[in-house]
């Protein structure tokens, strides 16, 4: 499957923190950058996401903001 | 100003493509990764975003998905 | 590739309307329902999206609202 | 009230799963499709959303992605 | 229709700027605050949104960030 | 830091409700309007967000919908 989302960055899952319905997944994308994702617990279970696994962070371009100093 | 968005990655603007109302801004965040952002033309003008400038991409954790092979 | 987004519905592209930077893609998901998506022109070109083609609409659960009468 | 969101699909609530602050609501939109929504517990209580009730899923076009095989 | 989105603020449309596919609508919500919305041209036409008309801005809680100095 | 998000409204935090991983923050923006934000617990802690503090709500224009009667 290929998806329209313009931003797809490969990395390694470093932490999965499960809440009551929502999990926070942290992915190391290299260069010292950790990306945090908030997804459903159901998705974590369904995809078998766990620390140490390979994963791609996927972000739609319209969800990316730009900041300047 | 500090913002709640968990993902803030510094980089360099490599392209600004202006449409009728919406611009696409591409930011090199290092490690060979380019992030694409879709924002208003007004924001591009207001912040003076242009190729070669420093910029930070900002993404709310709830807008980040995870994919696995 | 499998993605965390909880909503993935198969259908057929019925219209692609290209703007200056942003396209509107309409997908018939059956049962008389047409879903409208706003994505970058670049994504349309990259994935070869065109009327008549098969496509899956993908929506993160946190982007779905509920209304009642 | 009429809203700008392009995607409004009627269905029946099949499950409400409440977490600490966030609920997952599943709506059967027909044709064998279940749509999952992540909304605040407060919204669930305010609108009286419960399994068996009629509901409309509402999704802004800019939150819909397209995938192809 | 009542919708789960927690933020619904009434105001008056002060400007509609149409692009090729995407419009920017500015709504005065009182207290000197103007809210900018980016929606499809189709929604603008469908709802008859124009300067001077009454309108409600609707924002899902998960799309609101918090900043501090 | 200046950010591309078109909507930045100053106010005062009136409530922080922490869940297992997700918090709801309510900000009084004046004129009798309360804005509700759903963000990570981590952001609440990191920015020291608490009732009584000053805060700015930040919303990307593409996340704002328009409704009419």
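Just so it is clear, A, B, C, D, E and F label the chains in written order, and each chain counts residues from 1 on its own.
Everything below uses one rule, namely that a contact is a pair of C-beta atoms (placed from the backbone, for glycine too) under 8 Å apart; a residue touches a chain by one contact, two chains touch by 3 or more.
None of these values were measured; they are calculated from a predicted model.
Trainee: Please give the intersection of the contact partners of subunit C with those of subunit D.
Mentor: Shared contacts of subunit C and subunit D: A, E.
Trainee: In terms of CA centroid distance, which chain is the most far removed from subunit A?
Mentor: E
Trainee: So the centre of each chain is just the mean of its C-alpha atoms; given that, what is the distance between subunit A and subunit F in Å?
Mentor: The separation of the two C-alpha centroids amounts to 23 Å.
Trainee: Measuring from the mean C-alpha position of subunit A to the mean C-alpha position of subunit E, what distance in angstrom results?
Mentor: Their C-alpha centroids are separated by 29 Å.
Trainee: Any idea how many Å lie between the Cα centroids of subunit A and subunit B?
Mentor: Their C-alpha centroids are separated by 17 Å.
Trainee: Considering subunit C alone, which of its residues make contact with at least two other chains?
Mentor: Within subunit C, residues 1-6, 19-20, 22, 24, 36-40, 42-43, 47, 49, 56, 58, 60-63, 65-69 contact more than one other chain.
Trainee: Could you run through all the chain pairs that touch each other?
Mentor: Those chain pairs satisfying the definition are A-B, A-C, A-D, A-F, B-C, B-E, B-F, C-D, C-E, D-E, D-F, E-F.
Trainee: Considering the complex alone, what residue numbers of subunit A touch subunit D?
Mentor: 1-5, 19-22, 40, 42, 60, 62
Trainee: Which residues of subunit F touch subunit D once you look at their complex with the stated criterion?
Mentor: It comes out as residues 17-24, 36, 38, 62-63, 65-69.
Trainee: For subunit E, which residues are in contact with subunit F within the complex?
Mentor: It comes out as residues 3, 5-9, 13, 24-25, 27, 29-31, 33, 35-39, 43, 47-49, 53-69.
Trainee: Looking at the complex, which residues from subunit B come into contact with subunit F?
Mentor: Touch residues, subunit B against subunit F: 1-6, 37-40, 42-44, 46-47, 49, 56, 58, 60-62.
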